[in-house]
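Below are structures written as structure tokens.
Next come two complexes, and both contain chain A; in the first it sits with chain B, in the second with chain C.
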Partner chain A sequence: MKNGRFPYARILPVLPSVLVFTAFFAVPLAYFFIISFWRVRAFQLRPDATLAQYEAVFLDYSGPLIFTLGMALAIGLTTTLIAFAFAFFCRFRAYRFGTALIFVTLLALFGGYLTKIYMWKTILGSAGILNSALLAIGLIDNPITALLYNPVAVVITLVHYTLPLAVLPIYGSLKGIDDIPLEAARDLGASRMRIFADIIVPQCRVGILSAFSLSFIFAAGDYVTPLMVGGPSSSMIGLFIQNQFGTRLNSPLGSAMSFVVIGCCVVIILTVAAALFAVTRRRD
Partner chain B sequence: MGLDRMIWTGFATLTVLFMMSPLAVLVLFCFSESPLLSFPIQGWTLHWFFAAFDRPGFFTAFQNSLIVTACVGAVSTVIGTLAALSLSRMNRRAAGSLMALLTLPLMAPPLLLGIALLTFYTSWVDVPLGLHTVIASHLVFTQPFVILVVSARMLSFDFATIDSARDLGASPLQAFFQITLPIVSPSILGGALIAMALSLDDFLVTFFTIGGNNTLPTFMWGMLRRGVDPSINVVAVLIMALSLGATVLGFRITRYRG
Partner chain C sequence: MTAHVELRQISKQYGAVRAVLPTDLDIQKGEFLAILGPSGCGKTTLLRMIGGFVMPSGGTITLEGQDVTRLKPEARPTNMVFQGYGLFPHMTVAQNVGYGLRLARVPDEERKRRVQEALSLVHLGDFGPRSIDQMSGGQRQRVALARALVMQPKVLLLDEPLAALDLKLRKAMQEEFRRIHSATGGTFIFVTHDQEEAMSLANRICVMEGGRIVQSGSPQDIYLRPQSRFISRFIGEANFFRGQRKDGKVTLENGLSFADAGKDAEIDCVVRPENMGIRLNESETLPADFDLQIVSTVEEVVFLGPYTHYKLATQNGERIIVEVRDQGQNRCAHPGAKALIGWRSRDHTVLTE
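== the complex of A and B ==
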């Protein structure tokens, strides 16, 4: 370091942040991982080195696990698709409205996690806002009861929640694309599809991937949404994980479930990444 | 207007409606007279505001939210800014990997963060749960935003200004308070407001680390478990207004765009 008198002066200021990261993220997660190999006896954690919890996860909870990953995949893909189209519109087709639309997206990012779930519950309910509005304007004669308490309601709610989160990274990478190569390609006679597939998509793969990962992981780890709008047929794994800390008091099992979900998420995200990079080869 | 353009405009309009209409409807129903959340709206009232404020526990929860938000905002702003300034002076490789590490908590699902911290506090360090554990836990996912916003500003920072101040005899602290801080302060304030908005809005991590207390989101959760009542809308709108207000202000100050 160039600073002669006190060589660590430049590194020192980062330490409080690193300390917070270590003390309240790295260490708690490491400890939480370790207890997945422990047991609970008489409501007390007992150190052990057993794979019994993981065995229990695969034997007793593989149904909810697969259902959760399927739901999260559906939510992640839907969100990414809508987010990409919307970000594409804002960058290339909306002209001067583009930034305003992105600002609206930023606003939608905040405004409350619980609030959004609760709003969808009241919108989709049989005596709810959508049904009463449709009844009032005479489009339907009887309320549609099939809107709420099913997996579709969970998908709608979570797509709504994760959409702004997914638009921003895609828009960020679309904004980085230079206009000149696009015009050059057009002048040289490339079709719109060619330009889209060969120039635009390859340059925003990272944005697409972060949008998918964010929405996919969030959906896989959520439990309030299935609890509030999902009904009995939507028992996602987050509900069972949360139960181990509320009523069942079995944190080793809850920990094993969490890390199985995380492991599956990593595998799926890597697969999606490999597929995305294989389909969209960069041609320069 | 061509067909192509009509389809795009229609799609964008629907997407914006999908994103914003639930929030608009929520605000609308705060003022609806009927206790049922359904159309058509019969009349208008401010009754639900008084009903929400009169609920036992509301003001404690409100106060707790303000305490947590203020503490989280202050601490994560100071340590996040220090980290960002320090990263801007490191070589690119080291700064990049440290940044990736410190922003890693943003990828963790809040449920995982909440239960891991709950287990850590109760089974290992054995501290009583309360507002202090909530504040410590919120720092983990709020400081990355301060670091990101301030670092983005530091990319275009002219370090020659500091060098000339030092050459002219300013001490490092003088140079920091008279040169660096005034230039970077809009970004710092913006980062602080975003951190506060996130802290105020957080439900999952708070729920697991607060013990027997309440903040506004956990108070709202309690109301939800007891059935739907329009005064929930008021609490929801209050959380939304506070976090949105902080965000809009934050983005305006930093001129952050995507």
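== the complex of A and C ==
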């Protein structure tokens, strides 16, 4: 930094990652952002500066958009809740087995994405494990077909898939909480509930938020799971975006849809963050 | 009058480890009591039983006549300053100190006033809005102290409160503790492995060894009349002379002898280094009341500022330290020189344990 010269020596080591990030993330994103203001005429991209695509998104796709965000919110919140309960158990109740349990959670990441979808098809399908078992013990006479091909099946599948990813940041932040302040809080008269609310949760807000964001974003962008286990009533916005880029060859509309989804996701995550911080705020 | 805190046959066993053996202890109101002992002797376990964090395996604890043995820490009128402090990292200094009062639903006005008083007491009056990671080690120690004191506990428990501080800060905090103890007039029980700290702070010291209290008394008592070899070794430095007691007469292995009533036994005669005298020139003599005298060989002379340590060996190989309040004028006393050393028989303690 001497003589106001550019600090090459400090930039150089991070240059490769900056280049990779720019080439494979920033540039494509900028490209799609720009073409979201273009038009398609006679299957040709035409530069333009129109908001027509965004108008179309809100007129024609607000139904799937709201459904998608609702689903993602349900999946994100469910996953975060279960992940928190599990991570909390591993940190505070499992004694020396806590680390082992987290390791088992990591193993769950090994199964591929499609494998897990098929797994749930196998479990919930009309000839699936659940129905066979219920038939075998005589609880039902005919297979229940309502288990699969509905929004609940999508939620179950995606919660299951994103759970290990959500457990890790929460467990990490719970691990960072020292035991002595918890004892000190008891010493000052805090009940278990108060310790949980006043000492533990405020210290793992970032972990909770990371877990929520991970599962929420993943769910909002997924289109394979709804296609495979969701049935006709639960098409999520990802499927429509994929259609625009694929069969419809309308990448400006697809881009506009993508940016609307991204914008909504950012707003929802910020809202959830603000809510979490407001609820756990320390009052003087 | 019954004591403020009474421990009766209190004990703790962890599986096969007997951390605290059945122990009786009475603590009076206003006492500043030190529980002193080497690492692993059960000090923390004993303190944590008083605070309610460890459920005793047996015995009872009464506080002002009330049996609190089964009371949880959150319900006990005791407060603790933890080893490592245990401050809440996500709260400010004032929030840390006020947390207990908030839980007790003390009205806002009163809470703020008491927090401010507690912070002023530990000289952190202006630090309320700071966050904990902006505080130094010594300041954190004082926040922890204020957080416990603001609750006006019947008994304040402190677990190695100064162990994490450097020497200079430790000395300064010892001053503070003495001042705060007399300002609040509370009952303080603190645990330490540092004999100097215990000596300088406490009105009474309980020395622990292997899960039991082996001696309890004023600092002077413990220092001048240690009841076992362990205590005399643990507290300060001491010279040991082995010997035999037979028919009321002690004969030491180095040849000295003196009268001493008691059963026939193997004994150790213990003399503090500062109670010994030394003469390096043959022309000089020790004062007349130094009735036990022996010639030894100088091995090392260590100059320590206000005093000098002479390390010597007797003819039968006993190592002796003599502490002299001089400023090293005798540094010419080179290793190998002969010296006359001695002590008054009233200054030694004869131990059989």
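Following the convention adopted for this analysis, the second predicted complex is superposed on the first by the 267 of 284 C-alpha atoms of A that agree within 3 Å, B and C clash if a C-alpha of one lies under 4 Å from a C-alpha of the other, contacts with A are read in each partner's own complex, and residues count from 1 in each chain.
Here, a contact is a pair of C-beta atoms (placed from the backbone, for glycine too) under 8 Å apart; a residue touches a chain by one contact, two chains touch by 3 or more.
The model shown is predicted, which means the values in this text are computed figures rather than measured ones.
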item: Chain A as common anchor, with chain B and chain C clashing or fitting; value: fit
item: Contact breadth on chain A, by residue count: chain C or chain B; value: B
item: Touched partner set for A:Y118, first chain B, second chain C, both or neither; value: first
item: Contacts of A:F86 with chain B and chain C, given as first, second, both or neither; value: first
item: First, second, both or neither for A:R46, with chain B first and chain C second; value: neither
item: Distance in angstrom between the closest Cα atoms of chain C and chain B, superposition on A; value: 17
item: Chain A positions touched by chain B in one structure and by chain C in the second; value: none
item: In the complex, chain B residues that touch chain A; value: 5, 8, 11-12, 15-16, 18-20, 22-23, 25-26, 29, 36-40, 78-80, 82-83, 85-87, 89-90, 98, 101-102, 104-105, 107-113, 115-120, 123-124, 136-137, 139-140, 143, 147, 172, 197, 201-204, 208, 217, 220-221, 224, 228, 232, 236, 239-240, 243-244, 247-248, 251, 257-258
item: Chain A partner contacts - residues on chain C that touch it in the complex; value: 51, 53, 72-75, 78-80, 82-91, 94-95, 98-100, 103-104, 144, 147-148, 151
item: Contact footprint of chain B on chain A as seen in their complex; value: 9-14, 16-18, 20-21, 23-25, 27-29, 31-32, 35, 45, 82, 85-86, 89-90, 93-94, 99, 101-116, 118-123, 125, 127-129, 131-133, 135-136, 160, 163-164, 168, 171-172, 175, 213-214, 217-218, 220-224, 228, 238, 241-242, 245, 251, 254-255, 258, 262
item: Complex contact set, residues of chain A against chain C; value: 178, 180-191, 194, 198-199, 202-203, 282, 284
